[in-house]
Amino acid sequence: MELVLDIISWIFLVTGCFFCLTGAVGLLRFPDFFSRIHAASITDTLGAGLILIGLMFQSGGWGLVMPKLVLILLFSLLASTTASHAIAKAALKSGLKPEVSSADEPSEGESSSKL
Amino acid sequence: MNILGLYNYWIVVVLMLIGFYIVIAHENLIKKLVGLSIFQTSVFFFYISMGKITGATAPILDEKYELYSNPLPHVLILTAIVVGIATTALGLALVVRIQEAYGSIEERDIQEQDAHDQLECQLEAYGPSSMEISDEQEQDE
Amino acid sequence: MSDLFAVVMLSGIYSLISASLFLDLDAVDVAFTEASVGAGISTLLMLASLKLVSRYQKKTRYKPILAFFVVVTTGAMLIYGTLDMPHFGTADAPVHTHVAPRYLNESMGEIGVPNVVTSVLASYRGYDTLGETLVIFTAGIGVMALLMVSKQTKQESKKLIPADMQQQIILRIVAKMMIPLILMFALYVQFHGDYGPGGGFQAGVIFAAGIILYTMLFGLSTSQEVFKATTIELFTAAGVLLYGGVGVVCMLLGGNFLDYDFLKHDPVHGQHLGILLVELGVGITVASVMMIIFFKFTWRTVKHKYKK
Amino acid sequence: MTTHLPILQVIIPLLAAPFCIFLRIPRLVGIFAILVSAAAFLVSCGLLQQVITAGTISYKLGGWPAPWGIEYRIDILNVYLLLLVSAMSTIVLVAAQTSIKKELPEDRHVFFYTSFLLCLTGLLGILATADAFNVFVFLEISALSTYTMIALGTDRRALTASYQYLIMGTIGATFIIIGVGLMYMMTGTLNMYDLAERLPEVNTSRTVLSAFGFFIVGVCLKLALFPLHLWLPNAYAFAPSIATAFLAATATKVAVYLLIRLVFSIFGIEFVVTVLPMQEIFMVLGLAGIFAASVSAIYQLNIKRLFAYSSVAQIGYMILGLAIGTKLGLVATLVHMFNHALMKAAVFLAIGGAVYRIHSAQLIHFAGLGRKMPLTMAAIVIGGLSLIGVPLTVGFVSKWYLVLALLENGWWPVAILVLMSSLLAVMYVWRTVEWIYFTPPRINIDDVTEAPLSQLIPIWILVLANIYFGLNTSLTVGLSKMAAESLYGIFGGVL
């Protein structure tokens, strides 16, 4: 039983880490602000969320740790999505347009300076 | 002597120096405060590192553990963090007032305006012939 | 970097990373405080003041040679100092053998609080903490004196301040859900500080953060209807007085200043009561000072916006 | 209650400061501040009596024994300075009642008095404590309240001066905690006397040397020793006159006290003079400070700035006394600390009195004031004479002991330099006198009259004290000698 829990937990943890990593890569490599913020919010939601779920399996039973982790998960989901929303809205308001057309060559220098 | 046993302190020293350099070399008053907080934070690291024992756990007593890290540096640093935020808050309030009074938060602009004030006082006191003295004084300060 | 906004955000991130490092070094209380103070309140205050000064730094040429020299000298002195230090993590360093063992071994019997940091903070070295509370109070006085807003400005602008975030529906709704929880969490941290990490200081900061969040979203005048500036001013002082008052009561009951043993017949109970009260004092002062500092900065912004 | 005197000394102003916020009415707060400060003064008198009859008093805060809890330990040196600080603050606060009214808008009075009391608390706390980290906490209380008081000055340069002081002061304080941390690391204790016991085992280690270095540099920043003095002149020049008078009389003295504690009680003079070239460094810096600052003083146009530079020079004398490293040298330093406080408080209060009438601290605006406000100006002159070291004033007593100590040690070239430096003091004091008495007024001063009585009385108390302690040295020199004896007593007085 313990082994099964351990395996499940590690699967979650590893996938969580993977998403964190992809988020980080995306943050560096994506062309403009809005796609970057998409990458960043993946780290927050999927990455952190999966890691937290993985940790729940590690916490060993229904002690005090489990509900705390659930609460953290809930709050981080609430807070990080709202934060991403606020950042994106602020960017849009201050006049940053998403680069949608594929015809335009995304200029690396410009977008990195906006960050 | 195993030099590597000190690596943690050296990292702390490097951080400290970065903060210290920002404080004394940069001219923007806000940046100086940021530097100051980096400087202080690295001092906190220094204290906390000395309280750490390898393999120990946080000093919250529990039957499960035997070895705890030293709680005293933690207490000291709690106090120091508070002092740090107090200083930062007061510093920021001063920066805001300086901006209102001088219209700038660059040290150089402020010094120029102050030197100008000083010069006016001198002109009032001695007349225009005192220009040379004022130059010397600016260098003194 | 000439964008100060980025500078401030990065320093906030630096604080957050520091906090995780503190956690790794077993300093849970310190990590908690650094996260709430360094990454939270101090970043917030810096942003609030950036609103009042120019966001971009002027490009200036400066001569860093002297500064470099000073820094290198200091660094050399520090490195020189490290050479004879006990190694990192060793258990037989003087730090671990002289004063600290008593805290770890006796505090359960003498004070009866599992979190040793709390017992050292509030009892063994309680006087330092009184000093620390006073430092915060001093800073509060300083900011109040420096960023005073006349009554006239307040009244003139009272009708003028719109809630800046009127359109931010998502933010407002989420915040409405979160703020009560944040405040409750602050109370939990306040009264659970004996058993886990936390205590008056962290609780005060979190409480203030909740109120500040409310202020940012719903406008200064709305939140000041509940938290009147004059009342908060009184509270900054009340916390210190509560802390000092506990000390004086100990003195009147026959002990030394801050000797909680005398508060009740049983020393351990006395210690418990004393710690609870002084942590409350710290919490009150910290929360109200943080709030008042933020309010003062915001008033300045309002003043600048509507006076011109 | 008498056993609680050491803590009462500090907590009376400590609790009074937040209480001011509750009082709210500026007038009331002002009177309350005087009462509190007077109470602190009475407590320190009581302490003096206790220390003289019963020797060193130790007070355990929270009832915890020394290295685990924080200890207050009052010996003759502490009580000497406690007396000085609380007496000065009381006198200055009496003068504050009217002076502050003119210099600050009314809604800031409460904050000013609160800061003042906080500053007093901080200084007294530094003096009374025997715990190295507690020193840092109280140092910051006094520092933060000082920044506030300076920034309340009306000139906009007060703000930059305060900011500059904040940066320098925080660097200094951070250096001090680095020093304390290094010492703690090698000994595991924070109590000064416990440190003194445990340091000799490890005092050849490089860590302790660098701890000493950091602590010294930090303290020297605070006390404005010569190359680190840049924050002081502006801070003193643009602060409200009352704040200047108080700070000039006390703040730097407390920093010097810390230095003495560190050198004599924690590390021991033997270690300091044998392991490190501290004597030479202090001598050179002290002399350089005396000359550089005196010369700068001569060129100043703002009279507060002029005397601020003179303060830097006077700190040079104190450090020089320490550098000698003999008992007599220490006596000279201690006597000078007291005397300098007397003269600077008198001078700055008198300047404050003049500023009260003419709203300016520019030297040229003082022209012709000698006829209009003779008593106030006479106070400045007597204070100035005291700074020069003219016989019958306190300045003479301190110079006398300093030169005596130098000669006893065979440092006669330094003694000659010290005497020469008095000539520089003559120059800047004469320049003031020239403007005040022998220059026709530059601004309209027809309706200027003597400073109000509530300022004149404290000013003249100080001036008379200047003369009294110049004639009757039994209190100052007696206490200094006792303090020096006890400090050397610990280590047997090898030198």
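Think of it as A, B, C and D in the order they're written, each chain with its own count starting at 1.
Definition applied: a contact is a pair of C-beta atoms (placed from the backbone, for glycine too) under 8 Å apart; a residue touches a chain by one contact, two chains touch by 3 or more.
All values reported here derive from a predicted model rather than from experimental measurement.
Engineer: Name the most central chain, where centre means the mean of Cα atoms.
Structural biologist: Nearest to the common C-alpha centre lies chain B.
Engineer: More contacting C-beta pairs: A-C or B-C?
Structural biologist: B-C
Engineer: Averaging over Cα atoms per chain, report the distance between chain B and chain C in Å.
Structural biologist: One centre to the other, that is 18 Å.
Engineer: Roughly how far is chain A from chain C, going centre to centre by Cα mean, in whole Å?
Structural biologist: Centre separation, chain A to chain C: 29 Å.
Engineer: Centroid from C-alpha atoms only, then distance chain B to chain D, rounded to Å. What do you get?
Structural biologist: A distance of 24 Å separates the two centres.
Engineer: Which integer distance in Å separates the CA centroid of chain C from that of chain D?
Structural biologist: 31
Engineer: Send over the residues of chain D in touch with two or more other chains.
Structural biologist: In chain D, the residues touching two or more other chains are 133, 137, 140, 144, 147-148, 151, 178, 184-185, 190.
Engineer: Where in chain B do residues touch at least two different other chains?
Structural biologist: Only 20, 50, 72-73, 76, 79, 83, 86-87, 90, 94-95, 97 qualify.
Engineer: Are the chains arranged, by touching, as a line, ring, star, complete graph, or other?
Structural biologist: other
Engineer: According to the definition already given, which pairs of chains are in contact?
Structural biologist: Pairwise, the chains that meet the contact rule are A-C, B-C, B-D, C-D.
Engineer: Quick one: in the complex, what on chain A touches chain C?
Structural biologist: For this pair, the touching residues of chain A are 75, 78-79, 82, 85-86, 89.
Engineer: Write out the stretch or stretches of chain C touching chain D in their complex.
Structural biologist: 77-78, 80-86, 93-100, 102-103, 123-128, 130-132, 134-135, 137-139, 141-142, 144-146, 148, 150, 233-234, 236-238, 240-241, 244-245, 247-248, 251, 255-261
Engineer: Using the touch rule from the top, collect the residues of chain C that touch chain A in their complex.
Structural biologist: 168, 170-171, 174, 177-178, 181
Engineer: Enumerate the contact residues on chain C facing chain B in the complex.
Structural biologist: 4, 7-8, 11, 14-15, 18, 21-22, 25-30, 33-34, 37-38, 41-42, 45-46, 48-50, 52-54, 57-58, 60, 62, 64, 67-68, 70-72, 74-75, 78-79, 82-83, 85, 87-91, 93, 95-96, 99-100, 103-104, 107-108, 114-117, 120-121, 125, 128-129, 131-132, 135-136, 138-139, 142-143, 146-147, 195-197, 201, 286, 293, 296-297, 300
Engineer: Of all residues in chain B, which touch chain C in the complex?
Structural biologist: Interface residues on chain B, with respect to chain C: 2, 5-10, 13-14, 16-17, 20-21, 24-28, 30-31, 33-34, 37-38, 41, 44-45, 48-54, 56-62, 67-79, 81-90, 92-97, 99-100, 104-106, 108-109.
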